[in-house]
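There are two complexes below, and they share chain A, which is joined by chain B in the first and by chain C in the second.
Our next item is the complex of A and B:
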């Protein structure tokens, strides 16, 4: 244990001697959170809406108001009848154009079907889909309001057969930052812990100090632990910083028990650090270690984890592939603890997989690094 | 019991035989030199004895402990230092010492004592808080040695310890080594500086993975018994070299920097013959003198003989193999 401490102390000294690396390890997570938190914002609000109200009635104004009152749309321009609607979208004066034809109010009053048109800039398909969804909801709401007004009370009562009232729990406003923060934690911890361990071991190989260590009575196990523990500590500090930043900037609070969060993170980190060690047992240069680490650890943590792309909407093959990477399980638990305020109890299966992953990877790394000279 | 012993030690990398059937025994407190050109297999031998490389065949013992059986026990007894001075450049002198002390399991008062001893031995007093990166080569080398002997090893392996170090530092380094040997530490050193080999009590000459000669310096020099070495300096060196290589009375001719060394059966007749040949070809003014053969002469002579005996089976027997050996054996 004393030797483990000697190695750990040395690692810490080297890390502190290199303020840039340390700042990267601790600062990058927070910086990425800022970057991704703001850039990876999938919420569509304040969409510029141009309006061509050819009816000009109280009814048409009511419909426009229900669009703008939703806060999803901002009234960007009013277009006179006969103006060039294509040009508005082309010149990006607005992302959507609402066209209300003449006789809109009269059609409604006389019990006919009134038609309105929404032109949408479909170049950005993601945004367009979201806008389409919100506008449909706005129109549906408006429909209900009109119906209620038009029908006599008793008829209304009978017509309300189903009271559809969707409510998103845990993240009622469906803010994507809430959803992204756990994913970011998974990704960032994977990135920093895999790379820091892999690079710190490979650096010793490159500089020849590894050979010097191998002729001392330092056992490989002691070296592994001494190398792992400091970075485990650093990763936990980084995690704390992420949570603080997420709370300060995105109002993401940890609702569940912190101890469970900590325990899960520790388990996840063991797998990640083990993977870093495993890479270091193959790679002979820091450049290779960096590339391997990026490709096999951080990319899956982004794409095969459910961080950004929902696993359920992936092709079957990729879905299967996600089971091979730990971030998938980690994110499920993390979202549960952070957003739902759950404890670990409902996530036994994911926890089991995390444990298996950590065990297998760490075991492999251990085997590779402790085997005898060849 | 020998401090270090190898029995039929061999190592192959694919088809390449880096070490071929090496059997040596080094006594306790002996400074033992492994000599040979680059690629002769010296470092490979040391790496196998230290447990860094597994031998393809044979065994290596340190104080009777088989490296293959109990590498941990061997590692406790040995110190190892390479030409690269494998220190942590981004730690201070003190931090390097404390780290290696910690790695060897030293602690408390013992670590303090050993550290103070190492610092004074290496002449690094007052430099403890300097960053290792900023030290000159000779100091790094002494610090590396200090780190390698913190745990008082019984056997010390030095793999080209003075590479890239200035002559004065080399001398003070060798003073340190001699002192440790007096204290009973067995030292095995590889070098291709032949002047350093004179510090060794015994020397093993290696060539192409094989042991070609072993003994004390004076024993090795006896290869010239019954023959003499003469030194020639003249204006056109390569022309003279060609000339002597073709001459029947010259056994060997090789280039030694700005001079030629000739091995001849007899000093007097050889000297007269050489002068005569040079004057006849107008390669004057020339100086021809018998000299006491240095270890370098021994080295080149032994390797040439070895090469010749090896090629004799394959090539024309008359050819004098590899006589254009450059001075200094890289």
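Our next item is the complex of A and C:
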């Protein structure tokens, strides 16, 4: 145990001589949280809307006003009749063009159907979908208003259609910082433990210092533990920073038991550290270790974990593939503990998978590294 | 020129010597593209829905059926009261709960205004811990509900308007009735991506990701590696001039970047069916400008750090991640706060993003894309000269 500590101390000293990396490892999570908290969101507002009003009547102006008053649209341009509508979209002067035909007001007055065109730039499909939904809602409201005006029944004029009440539990304002915290923890832990461990071992290989360590009286197991423990520590500190920043700036609190959170994190970290060691056992250069680590550890932690892209929307094959990466299970548990205030009890299955993953990967890495050393 | 060629050859030899790097350089991007190509999809489908139907009428069943028939929701189970929702959401067995209040069926169809006090009540409760899916899922839910409500209201109102029309009057001519009630019809026409597939939006962006990885991060690590091993010093005492050294070091990565461009474009078009509407030649030319940016930045990083690990961390987290987030690659720029929108102008990826999407989806030519091209060229020149300047200093 003393030898393990000695190696760990050496590793720590080495890490502290590289304050840039350390600062990045610890500072990145906070920076990403700030970025998400203040700069990024999925709410679509202020969509640039160009208007071509060929009717120019009070009625058409009213429809335009109901678009701009919805706060989703900013009136970006007024296009004269006959202007190049496609060009407006292609040059991205506007996301959408509302075209109101001649006779719009007359058609409505005479009880006919007036057709209004909406040209949409679909290149950003997400925004376009929202814009489409919002515009349909605006037009539906306008339709209801028109109908009500035609009604004799005073009471019906003011009635609402359905008392519809949408609610989001656990994150009522649907803030992205809330859901980001678990995902970010999963990603940062993966990054620090897999890449840092792999690179630090491979670096010693590249420089030949690994050989020097091998001829000392250290047993391989002691060497492995000594090399991984400091990164375990750094990863835990990074996680602590995320939780503190999230709490201080975005009021995200851990609602479930901290002990369960800690235990799950340790389990996840063991798997990740094991994966880093496994990479280092066959990679000869840091460039390879980095590429393998990012393809099989950090990228899946972002893209195949349900962090950003919902797993249910993936093709079947890819959904199965997500079971091979631990972040999937980890995120389910983290979201439960941090946001829903649950304990580990509902997540036995995910916990079991995490345990199996950690056991298999760490075992493999252990096997390869200890055998190689002899 | 001869010297330059030799350095390039040496770099390629070195790359080849490092046996595992070539497959890693080619397979890495491929795996990324395939995995991301299939995963990158924010369309929400099959959201597990918990139904709490306290009304149990034909109307409430019809509303629930509409949820399932929309394809966005999958019926995961049913419960009696709102209190039973929590365990379903906690376990993740359901992501959204639809609560149809008692009396829904009676009130939604009431044509008499006497029943006004009782409004049809519907509640949708979503698991907000996954905010992305929750936002989209709730959007679908509300459009289904308001569609349902609007239809019923429309029917009710039409009945009333018709009833209110004087019936006993003789009309001189029959009134044409294409629709008895005035209404506005919205005819949407979606350009460039008519089915609104989010995959079409994300996939071309992966090209930028792959290029940044191979032409920014890896070169920065490669140069630092020579620093670490000490061979950079050896090269600096030879008659090779610094610019030749730089060009020779970066050239192979530019070639790899180009191979990746071709590979990724082929896959994006053939495997994923994303259209390439503009000219590939233009894309290749403008990609060259982008590579000047990434290679310049990679080299700049290599002059600022000592170890490969630092190079990796700096180029990934100080450059790549903020660039991805603030370039409009994933998050639309117009959703950001004003000052940040202006700050994004300093990010070269923003212009390349415009170019990629312009050429792939909108079929834009240089007539539209020239401002982006000019910006990319300017930033490229800036980064390359800055990097060369610093690189020369490290050599001296």
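Throughout what follows, the second predicted complex is superposed on the first by the 245 of 374 C-alpha atoms of A that agree within 3 Å, B and C clash if a C-alpha of one lies under 4 Å from a C-alpha of the other, contacts with A are read in each partner's own complex, and residues count from 1 in each chain.
Please note the rule applied: a residue touches a chain if its C-beta (ideal position, glycine included) is under 8 Å from a C-beta of that chain, and two chains touch if they have at least 3 such contacts.
It should be emphasised that the depicted structure is a prediction, and the values quoted were computed from it without experimental measurement.
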First (chain B), second (chain C), both or neither touched by A:316: neither
Partner chain in contact with A:209 - chain B first, chain C second, else both or neither: first
Which of chain B and chain C A:144 touches, first, second, both or neither: second
Partner chain in contact with A:348 - chain B first, chain C second, else both or neither: neither
Touched partner set for A:18, first chain B, second chain C, both or neither: both
Residues of chain A touched, compared between chain B and chain C (which is higher): C
Partner chain(s) touched by A:219 [first = chain B, second = chain C, both, neither]: first
First, second, both or neither for A:6, with chain B first and chain C second: first
Those residues of chain A which chain B touches in one complex and chain C touches in the other: 18, 207
Complex contacts: residues of chain B adjacent to chain A: 50-54, 71-72, 75-76, 78, 80, 82, 84, 86-91, 95, 98-105, 107, 147, 151
Chain A-touching residues of chain C, taken from the complex the two chains share: 18, 20-21, 24-25, 28, 31-32, 35-36, 38-48, 85-87, 89-92, 108, 113, 116, 119-135, 138-139, 141-143, 145-150, 152-154, 156-158, 160-161, 164, 178-194, 196-201, 213, 217-218, 221-222, 225, 228-229, 305-310, 312-314, 317-318, 321-322, 325-326, 330-332, 334-337, 340, 354, 357-358, 361-362, 364, 368
Residue numbers on chain A that touch chain B, as the complex places them: 2-3, 5-7, 9-10, 13-14, 17-18, 207-209, 211-219, 372-374
